[in-house]
Amino acid sequence: MTPALRAPELMTTPAMLTMTAVSRRYGNVVALEEVSARAYPGEVLGIVGESGSGKSTLLRMMNLEETPDAGDYRLSLPDQPGNLFDLDRFARRMLCATRIGIVYQNPHLGLLMRNTSSGNVAERLLIAGERSFAALRSRARDALDASEFPLARMDARPVELSGGMQQRVQLAKAIALEPVLLLLDEPTTGLDVSVQALVLDTLKRLQRDRAITMVIVSHDLGVIRTMADRVMVMRGGRVVEEGLADQIFQDPQHEYTQQLVHAKL
Amino acid sequence: MTLASLTRPWEAMSYGFLDASAKRELRRKMLKAIAVPGCQMPYASREVPMARGWGTGGLQVTLTLLKPSSVVKVIDQGADDSVNAASIRSFLAKVSGARETWDTLAATLIQSRHRIPEERLRADQVLVLQVPNPEPLRPVEPNMSHARQMHADADYGRLWLILYEEIVRAGRIMQGAAYPALVNGRHVMTPSPIPRWDVPKLHMARHLTFLSAGREKRLFAVPPFTRVEPLVFSDLPYRVEDHAGLTCHRSGMKSFFMNEIPQADGGSAHELSDSHLGIKAIRQAEGGRAEIGPTWYRDGRMR
Amino acid sequence: MTLVLQVENLTKHFQMHHLGQRLNAFRGISFTLHAGEFLLLRGPNGVGKSTLLRTLYRSYLPRAGHVWYHTIEGRIDLATAADVDIALLRRREIGFVTQFLIARPRVSAEDIVAEPLRRAGIAAGEALEEARRWLAEFGVKRDLWRAYPTTFSGGEQQKVNLARALILPQRLLLLDEPTASLDVGARAALIRRLAELKAAGVAMIGVFHHPGDVAGLIDREMELTAEEVADDVAV
């Protein structure tokens, strides 16, 4: 195939997130091979691929839960100019808790199920040093409200809530500290289609109102299509193709992407 | 020259029940605990002639500090005359020759379960508190190695979260005894199950406090003049038990920590929890000689 | 006149891997476009008019050639520019108007229309006011403004779509049969708006099923012929 005529990135906008040549092996299994990714301020980067493509591993690395064998990861933060993979455990924890928000597919990973919903949000604020009860209360309320969570239930425990509501609590927790980066790991997988649409709509709204940089990982092309400005297609730990969302869906270049898109449409 | 002229007759070369190496290990750990206030130090908890969970941790620290010249006081929930307190006290005297006392002012070494005496402790006194569960993070992190990591990171947000949840669910902080406190601005400790009333007594105190858990094999310390700040929200001040308005029905003492005694008529009477303070007050009232030292609280307020 | 677009030898074909085939769309197209100019693309069905518009918009990736887009800061080749720059230009300078609306569930008509303004940093209240003005202009009934367009008829959806696409003045507008299935009132509103934008210096390239609708606006016409469509397979 003739490679498409595209310049390497002609930089007019500095990236919010820059990952360069990240590789990770588990024994003989290649999880990620020389993966580079960028996310620009205020955009939604979609990462699509089947299970085992490395997309979730990549997201875990963006959340500094995992360290690659090689690679460089930077966020455009004045106080953290270096490679974030070089940070120690404590610095990573603080960075993730205060600057990066994440919503997991499985709410058990992101929530304290036996605490109240507002308490889950408050926990994030407490890590950042908020010590006023009134402020915790009102900030938790604001974050839940922004996630379109019914405030009458803010003191219900997540175990008492539906899946869609649990994701909203996760989202409130993730945005409570106004992160520079919001990571979404299959945030609507497993939800009813109608609930899924509502959650995606909330995400869209948040993205529009707050211009948060988001990275969303999904195997669901519909979700990616609804959410993403740009799309990265992954397979076998590599980036197969990358482009504007409409281009990926209307004019996919790589054979694998074409299969993926045509299988869906 | 005979062999006998080179030797001495047998005499006891140790006291305080524990052997010298056990005491040395404890001394080292106690010094470390003083060096890092509030930080839990692991130690090899030895066998003592008492079941684990009955104050063996406190006992080992006390035995290490004990000298024949010591004056020991042992209290259990404020009382000197409970079976447990009495037997520990007589054991201490027996293995060291130390003098026993009930009077806080006379004691040099005080071992206590669940209370700090009402009379202000002096710089020449050491308080040893028995601790059943030394880990304040246990309710939020059952994995002890994770908990230690949280201590290392001073990651205590989850403890405030407990308080948050209590206020949300019950309208107030429910934590009574063992209220967690930040020591020297660094480590959160559990002050053992003393009431909230007693926690401020540890803040910038003149005396040295050891807290020791025999079953959990950890000890920690609050050195003199060290900050001990109960975890609170900035807009909801710390509150001690509301005992300022209570009067002891036996001694007539007012505004100290009281035990509630249910009465046949369904009401309740109160008596001083610090029993020897009550005894001294009664003696004074009867015209006898009894010196009551300055107390931490005056008119129900910490001073 | 200010140069807006300079297309040189633009070529597009599609590589269909699963068919093992190459579908040629057009080859070697060159033209220029100035501010305030309206270029009409003509040609039989399937000759690649819409494909050309989408290639200029970078929904399709060009295979060869250049699309020099002139901005105040300098020129940028839309054929090779980084995705992020294209995204930025789409947000600020290059608009694409189709007959299809991508409605999202539970987003009201006025919010959809206001969105380009919000993205451009205009305050919510002001953006909404402007959105309502344009909904009215295109003849969307007032009681539908706060409703969700997913439930609208095709014609109403298209009016919402046009209001959204034309609310923010761009420098370059790509029009892909925007008048199809529009009622008379909306068509008139559309033409009024296009004339207004053209007078303000917006350059436009359009594909119209009935070019008569916009006859007054056309400055130039370009005929796409099968010669430019290549040899082996036609689209």
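The letters A, B and C name the chains in turn, as written, and every chain counts its residues from 1.
We take it that a residue touches a chain if its C-beta (ideal position, glycine included) is under 8 Å from a C-beta of that chain, and two chains touch if they have at least 3 such contacts.
All values derive from a computational prediction rather than experimental measurement.
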Suppose subunit A were gone and every other chain stayed put; which groups of chains would still be connected through touching? B | C
Reference subunit B; chain at largest CA-centroid distance: C
Of all chains shown, the one whose Cα mean is least distant from the combined Cα mean is A
Here the gap between subunit A and subunit B, centre to centre from mean Cα coordinates and rounded to Å, is 49
Subunit A to subunit C, mean C-alpha position gap in Å, rounds to 31
From the mean C-alpha coordinate of subunit B to that of subunit C, what's the distance rounded to whole Å? 78
Subunit B: positions in contact with at least two other chains: none
Residues of subunit C touching at least two other chains: none
Note which residues of subunit A are touching subunit B in the complex, please. 90, 93, 112, 115-116, 118-119, 122-123, 126-127, 131-136, 155
Listed in rising order, subunit B residues that touch subunit A in their complex are 152-153, 155, 157-158, 160-161, 164-165, 167-169, 233-236
Within the complex, which stretch of subunit C touches subunit A? 14-18, 54, 58-64, 76-77, 79-88, 104-107, 115, 118-119, 124
Of all residues in subunit A, which touch subunit C in the complex? 1-2, 4-13, 15, 38, 40, 43, 197-198, 201, 204-205, 208-209, 226, 229-230, 242-244, 246-247, 250-251, 253-255, 258-259, 262
